[in-house]
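Heads up, the next two complexes both have subunit A, just with different partners, subunit B and then subunit C.
Up next is the complex of A and B:
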């Protein structure tokens, strides 16, 4: 709730606000709910002045009206995608990680989510002025690994140092802290220059802490977090990449059992973070590990993953590409 | 409440990471596949395996290894062993510890001192049977760490306190809260955390029916997962399979358990 003091209207002097507070009217909402005549008697302002304040509030808080042409010119001049430096994934995503939206990267444990995250960090800061903020919720960030990926790309020591300097890491352990951080990013008391993308690895680690509680605190936090995310995306022109996890559960196929055949089990995969989150990300990249007999062009320690875009704001869906994860990084 | 957020850049973290030692497992092959010359500080490492595959032995070995003097690149620190399942055997630990100290004394050309009383004081043991005791202990942990020079926390096993008296949903919530607190502490004070976990059977999973217990969500939580296995054939090697790591690829290392503790297979 916005306090009346935040309005900064010439007629709302300190003494007027004090009188209103004395009558339990402290927020903008309470002010609007009150009868105008009653307010006039309380504050000793005339009716016109009260209505003027009201109109002022309405103009200040209503969303501005824009036309299509304005939106078009805006989208034409703005950067729409962050190039992630992996050609096949760029194509599937229609250009890269979208700016101004929340993107989700989802997969089972050990499918290479964090590795892909590391690679995106490296690709985005190399050869650009971009800065990346990596929010680490389980101590998974490893600077030595990042340096090795850079080394494998053939960077000189100087290039490596410059790239490492543009990667910012913050360790967050609770949802409260995450929201506090986003608040500070919003009001710019924490300022990061040339910020292009925020990567959160991983969101469920924070949200699961509220799992099984009877109250809905976790959901409240999630909602606040999503709102801050959207504000930052739109107003600071950045992309937000959340790493989410998948869990599996097994269903027994009862019909087959009755027919006297062997029991069959159906494995279902489930994106975590609950129903509310399912529709929040604009783009969802699902990665699964492939079991190939003969990996192609991989070092003996690597594996292939299939990255599928299962949700996107472009029309083409379910496009996929095959990536390679090994000691050199993700390609 | 307004916490100050320390935003590091990767250079600072790189310097920090490269200056820290790890806790060696006494099997060089295993240390090698871990990619960090042993169990890294500030991370959660999970040891998985069926009964009798050497999870507790590995823990005891690490409790001894944390005492390696600084002159040999060790931590010269103390260990906290949280026993939830009466797995700890003092005599076995004394054996492993003596062998470890003897090796260090030989390497440093120190006079051989077979009296291990001082060294035994550097192991702090807690038995936390049951959920209430375990939770109470986790709550006390910051104080315990403050009072001693502890650089290794072993929880053997993490699954045991949660076997009854709690629903699966509450279990996940509680576990993730406790692990967040534990890791915050571990990162702040540069402590290695080693957890052991049992295996459970889930019929119908495409990736094999024997998986670590506590579910798929838990599988994401630990930074390093190491699966131990014992051979069916008594002449075969025990194997350690690195299932998950953010620095090293999946790999297998053979090891053996001798009277002295964990050692390389020749």
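Up next is the complex of A and C:
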């Protein structure tokens, strides 16, 4: 909660703030909750001055109220989706990655998430003015893979350089660093021109560092990160894509399984990051590697994946498409 | 001797005393003859509850002659997944279906656009991005409700969006957090005769008790207590089950979502 500072009003001098703190009033919220008369007695300010400080706080910190007509006129000119250049996936997504929302791309290890992420990056920057911010938390961003995808699309060296210039890569190792970066993007101390999308590959890498902390500080960080994401999405008209790994597990005790007894077990696949995260992304793209006897039109290193799109507010309405993944990209 | 008084302007007094349109008999599938002014409604689900919320919003905004309430609504969008454009599209579809029945085809678009504009003027939105903004905007509700005295329903989607960012080394229990927020909301809205509806995810509870064992709903408005608890769940075969609990009974309803519309079974 925001602390009371002398910046909130000229009448909130250091001595007034000290007096308030002595009476356990340290945040703007605690100030507003107090009776105006009591505040007047404590601070020796008159009632009008107290009300003026209150009004200042309301103006500075409360969210602006807008009506539906205003929102409609504002929304009419806004782009709703970022075209990701893969027709079948665009269709199931309703037009592309939604602007103004958080999207999650998740799948098991080796399902082609990162390659799909790279393909989206290439498709979004190629032949557009878009810039993509790619946040690498695993330290494995590979420009050569991007170059291969561009090469496969028939780009000249000049076009490749132009596309690569529009991909901004930053390596982040902790949630604190991630929050700091988003804070700077919010207050525009870091400014990226034509920013269309932020891709984070991946969040669990940062969140797993906080596994088992009883005071749940990791969840506090995640909530703050989500708040910044939402602000950037809505106010900077961008999309945020989080590429997250899925985990798989069986409910049965593994020792029973090794014993070689006739066991029937059900393998479960989980989106990571716990219950809080489950409701956060507006759109979830689940990638599942298909095991086909005869893959169609696939290179030696290629395979097919099923991409299922789930909207968090319409959980049971799923749509899917089949994609082909290989070292030259995703189609 | 300290004198207890509450300072208010003439406009605030007038707003408080004015008879505002209530939303009794609104959405009878869930509320039957209610909800009353000042009632608190909780909607929770482990699936997305946006489709039901969307339907409630549209029904409230629809003109009286088309079967709606023509009420005014204030929405706190805190988790950010309530899509304004989907509200507009749903409202437009509902208007189109209702207006089609009694108007010649050439004038349908004109009537729909007019009705949509009137409805959207009655819908107010606040986008909240952090815990401080959330708390201060709630505190500022009194002035908002004074200015827009026609508002009869305030929706928080969701009430718990900033819970984790407000926790430090000492964690407030989830149920207590909701109660604290409700107390503040009730305090600032009590004079303005509004109904409050909030959503929360199903996991957001300090106890592992089944719903039946949670605190009962109250008949009259009571501090920190609910008047309606609505539980929405997916029942399979594209059908959703909704259980509404009040102080006296519980009712079960089912609906399907077809072409973006809720159809009650």
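The rule is simple: the second predicted complex is superposed on the first by the 269 of 331 C-alpha atoms of A that agree within 3 Å, B and C clash if a C-alpha of one lies under 4 Å from a C-alpha of the other, contacts with A are read in each partner's own complex, and residues count from 1 in each chain.
Methods note: contacts are C-beta pairs under 8 Å (C-beta built on N, C-alpha and C of every residue); 3 or more make two chains touch, one makes a residue touch a chain.
Computed from a predicted structure; not experimentally measured.
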Fit-or-clash call for subunit B and subunit C when the two complexes are aligned on subunit A: fit
Partner chain in contact with A:63 - subunit B first, subunit C second, else both or neither: second
Which of subunit B and subunit C A:36 touches, first, second, both or neither: second
Which of subunit B and subunit C A:15 touches, first, second, both or neither: neither
Three-chain overlay, vertex subunit A: subunit B-subunit C angle, C-alpha, nearest 10 degrees: 150
Which of subunit B and subunit C A:174 touches, first, second, both or neither: first
Touching partner for A:230 - first (subunit B), second (subunit C), both, neither: second
First, second, both or neither for A:115, with subunit B first and subunit C second: first
Smallest distance from any CA atom of subunit C to any CA atom of subunit B, in Å, after fitting: 19
Contact residues of subunit A, present in both the subunit B and the subunit C interface: none
Subunit A residues within the subunit B interface of the complex: 108-110, 114-115, 118, 133, 137-147, 161, 163-174, 176-177, 180-181, 184, 190, 192, 202, 204-206, 208-213, 245-248, 250, 252, 265-267, 272, 301-303, 326-327
Partner subunit A, residues of subunit B touching it in the complex: 1-3, 5-11, 13-14, 16-18, 42-44, 167, 169-174, 176-177, 179-181, 183-184, 186-187, 202-206, 215-217, 219-221, 223, 225, 243-244, 246-247, 249-251
In the complex, subunit A residues that touch subunit C: 1-2, 27-29, 32-33, 36-37, 47, 51, 57-58, 61-69, 71-72, 75, 80, 100-102, 215-216, 219-220, 222-224, 227, 230-231, 233-234, 275-276, 278-280, 282, 311-317
Touch list for subunit C against partner subunit A, complex: 2-3, 7, 47-51, 74, 79-85, 87-88, 117, 119-133, 135-137, 139-140, 143-144, 148, 162-169, 171, 184, 201, 203, 234, 238, 257
